[in-house]
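The structure appears below as structure tokens.
Order of writing sets the chain letters: A, B, C and D. Residues in each chain are counted from 1.
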Amino acid sequence: MATHKLTEEDQDGFHYTVGPYFDPVLEIEPGDTVEVETEDAFEGVIESENDKPSEVLGDNLNPQNGPIYVEGAEEGDALAVSIESIEPRGPQPRGTTCMIAEFGGLTATDRTAMLNEPLPEKVKKLDVTTDGTIWNDDITIPYEPFIGTISTSPKIDSVNALTPFKHGGNMDLPNVRPGNTIYLPVNIEGGYVYLGDCHAAQGDGELHGVAIEHPTNTTITVDLIKDWEIEWPRLEADDYIMSIGSVRPMEDCARIAYKDLIEWMVDDYGYDKWEAYMLLTQVGNVRLGNMVDPNYTIGASIDKEYL
Amino acid sequence: MATHKLTEEDQDGFHYTVGPYFDPVLEIEPGDTVEVETEDAFEGVIESENDKPSEVLGDNLNPQNGPIYVEGAEEGDALAVSIESIEPRGPQPRGTTCMIAEFGGLTATDRTAMLNEPLPEKVKKLDVTTDGTIWNDDITIPYEPFIGTISTSPKIDSVNALTPFKHGGNMDLPNVRPGNTIYLPVNIEGGYVYLGDCHAAQGDGELHGVAIEHPTNTTITVDLIKDWEIEWPRLEADDYIMSIGSVRPMEDCARIAYKDLIEWMVDDYGYDKWEAYMLLTQVGNVRLGNMVDPNYTIGASIDKEYL
Amino acid sequence: MATHKLTEEDQDGFHYTVGPYFDPVLEIEPGDTVEVETEDAFEGVIESENDKPSEVLGDNLNPQNGPIYVEGAEEGDALAVSIESIEPRGPQPRGTTCMIAEFGGLTATDRTAMLNEPLPEKVKKLDVTTDGTIWNDDITIPYEPFIGTISTSPKIDSVNALTPFKHGGNMDLPNVRPGNTIYLPVNIEGGYVYLGDCHAAQGDGELHGVAIEHPTNTTITVDLIKDWEIEWPRLEADDYIMSIGSVRPMEDCARIAYKDLIEWMVDDYGYDKWEAYMLLTQVGNVRLGNMVDPNYTIGASIDKEYL
Amino acid sequence: MATHKLTEEDQDGFHYTVGPYFDPVLEIEPGDTVEVETEDAFEGVIESENDKPSEVLGDNLNPQNGPIYVEGAEEGDALAVSIESIEPRGPQPRGTTCMIAEFGGLTATDRTAMLNEPLPEKVKKLDVTTDGTIWNDDITIPYEPFIGTISTSPKIDSVNALTPFKHGGNMDLPNVRPGNTIYLPVNIEGGYVYLGDCHAAQGDGELHGVAIEHPTNTTITVDLIKDWEIEWPRLEADDYIMSIGSVRPMEDCARIAYKDLIEWMVDDYGYDKWEAYMLLTQVGNVRLGNMVDPNYTIGASIDKEYL
């Protein structure tokens, strides 16, 4: 099993849409490990608390590394991407969060369109280390990093890097963290892994839409599971399995995630469909990833002790 | 501080709608404790796994004890209901869960109306003790009881016992458990506390709509907070505070809960509004109560270490 | 067939919630006609364009006349309420519309909660006659009056007069106009008809939440249809039939309305279920009543030429 | 002004996703007319009522002609596409509608995921002429053709042909009919017009998801409006203007459409924002395009007499 590096220089231009139309920047074998230099969601252009997002941000957000081509991956397979580690990189203050006009969970947006005046723009630049994020003199937020956006390529569409859907994408789900493995569907030859948007911490829902964004060295190992056709992303931790749904409205995320989890329990753990439905009613867990992106994201999980 | 008993006999008829139109069954002073004999959500009529819900259930579900009149409570106040203990009562198998036709999270309902055939009806009768619920030979579900439905009276409306809203109601939120305190708005003189529908355990979302329902002895202490006008229910545990929103679609639950939590942080903990918004984005927690009732329920919380 | 008058004096106090807990103000026989003096949705307290809604409006909005008891009506029946005529009454400017803070279709509300500042309050007082509403020097809006809120009583709940649901209520659907008949379910003995909130005109969706409100003399004829169990309101015009759904989110209104219409076509017009589904796909019509009330309202209809 | 032909042969392969990644099949000057041979939404593979959609349909649906490159079109411009005529073509029965499993407005889908069994599959093959569609011996549905899917290219994304959004796409809005003009945003050089999916008739909402699909000769004239930046599609008829929103949930479609219409009234017709908001509340019209596609579609309009 080889270990590859995918530096910013190797990447030579990030992608802001995720699809089959770009050339791979790296080809790997199943089981290989890749160390990826990710940029923050704003590609580093918010450098000071005096920067106004509306002035410094362009149309293209959430830069993605990739695509990484996985040898042997074909439609109908799945990729198992294990997150080995995530480490902050770059000069301090390397963390950024901000309120962006007409974006976020408690404001009118281009979709939930209203006539109200937008909220003010605000930027926080933050020192981030593996010891945590210095929020202010009183508060240090523990360093609990995860990959905000990770996907395979859709078959023919190219989905904006801000949007989560069946291919993964901008799920903003804290469970995609070191120690866990995310399963993504392969829709085209080579699968095409894209990733970026690592967060140093994030609350459930990513309330105003911007977590503690930071550039990282992120190490993943990519395995190939032949002939495992999954419709939505799935995730496995030491002690639970999780299915992930991303659409609108939010109840449909929960429906998708729980239904997919039932199917997983039936297919791989021998459960009767109704038994799974009735047990999840009593012991299922729900994690809200985001309530701000073009699709919302919910993960539904069950502890392995019940499987 | 007196301790009262509210037995089934005292209750002398449960209520299936929550409003100002019934006479109190008990009058208490602020600070008093009440031991309540609650029935299960089906009032005990599902006695065997051969019972079909569609045949044994009538129009009236989710029987509520109360109303309990609290001396001195006036519109603009809040009640603080501390859950002291919940203990199962009645003969075994005292636990019930079931799949009810056209009700639940993964089926067409009277609201999400479709032409698909309904799911099958299924009943499980379960032995429940404080050691847990015997689900089957392999699985015992820990006893983690909570009050599924608790409310004050709306001002002029009478809300079905199945519906959660600003007055509390059928939130099905596991955080309403022993050790925690729920705050409810007072809309009429005496406040009128109604409660029932205790669950021996429940997963997030209460997936098919029926948790492990069981009759209980539930002990609460009711305090009065003068001149604390709250719009939605709030909850306090040893280590966090939570605001609770119940509407449809589900994203609006999250919006309500987080917005109310921000207002709470501003009013009572000295936070600046935007500071609270930005901090919750990084450390806020979301709990999905139900995804099945006429309104869905989400609680948004923050750990007290951040306050 | 008798004709009754229900004046403001007879009414002697309006209702702001619709349920079984009030005494009838009038008892009629099936087939009787009633002339009702309705108030506007603000009970006339907005008298000038200088009035601020937030200052002059109290908690109780949308005053309802009734309840009217219909002899012989029992649970499982339906009432057929034919709207005979609606005429403006009272001194000019008798028409009112206004922007109310945190209410309406293009603003954050208590349900779609946000942190944005509310929109400004604005009031228009308007001259309304049967020739139209004088909007300004250039625009006269045709007088197309209808009943904004009409309902029977729910069985045990009392639903706020602002909320539409299975019992009818605040549907704000322009099809409830003279010449048409609305069918409402009977849930309690006597049915209990409540009505009010007549509009001189209204666009689809009632965008900011307040149509051209005005006091009226509204004449209805109430017939009783024995043993016709309907779950949602239905409506009949000379040339079409319509089913009406009121919930959130809006797609569920459309689902309810179309599903109910299919059932109506099957039960009363001999349609095969799938034939009805496929035909409505090609010729069904949808009318958006409101996009602002606690539940939204959609009517789905089919022209009688297809029946 | 030239007239071009875009035959199936010229097209030489349809597109099932709409974006900037394909080469233009035709280059035109602003003001030119194009006669397009469109296929039906199933590319003609449903040939008999015995065909099962699940067996004959592949992954790629809704074939699109194009892209058509418009000289001089640049980001920030708009295209004005006037629909000159739509005529049915091909051998009878040239019309097709069908119920597709897990697709449609009254069934569980991959997004509104449920455990119910899917509805049956059913196909109708129909004779379509300009005199109408022969539905059965009793019913002929008038020929009211329109373009179901028409779009410009998004800037970097490639959106599935089944999805409507800011670029237009699968709006299924009957107002896109001969005599009317649709305005679409230009996001890339040349604009890239894609179109297909013409319907011989369709009810509001396109209830089960498949209108009367048919191959056509569709003639459009494409004009270029420099420096008119529009965010969502707009449409103009002889007697009204309309803004079009496509997202989920459905209320957000209505919000987008009405908000955009207000902005149009302000920018081009001299309206004050609040005046427009208040007037639309009284005279605005709403048309439901689809309630079945990945995004729903609503058009909000105002009659020109009010402008």
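Observations on the model:
Everything below uses one rule, namely that contacts are C-beta pairs under 8 Å (C-beta built on N, C-alpha and C of every residue); 3 or more make two chains touch, one makes a residue touch a chain.
Here the structure is a predicted model, which is why all the values come from computation and not from measurement.
Repeated interface, listed pairs C-D, A-B or A-C, reference B-D: A-C, with more than half of the contact pairs matching by residue number.
Judged by shared residue numbers over all numbers used at their interface, chain C and chain D contact each other through mostly the same positions, with over half in common. Per-chain CA centroids place chain B at a distance of 32 Å from chain C. Shown for chain C are the residues that touch two or more other chains, namely 106, 112-115, 119, 248-249, 255, 259, 262, 277.
Those residues of chain A that touch chain C in the complex are listed here as 106-108, 112-119, 249.
Contact residues on chain C toward chain B in their complex (touch as defined above): 16-17, 19, 21, 59-60, 110-115, 155-160, 231, 245, 247-249, 252, 255-256, 259-260, 262, 273, 277. Residues 97, 99, 105-106, 119-120, 122, 124, 133, 135, 139, 141, 201-212, 248-251, 254-255, 258-259, 262, 274, 277-286, 288, 291, 296, 300, 306 of chain A are the ones that touch chain B when the two sit in their complex.
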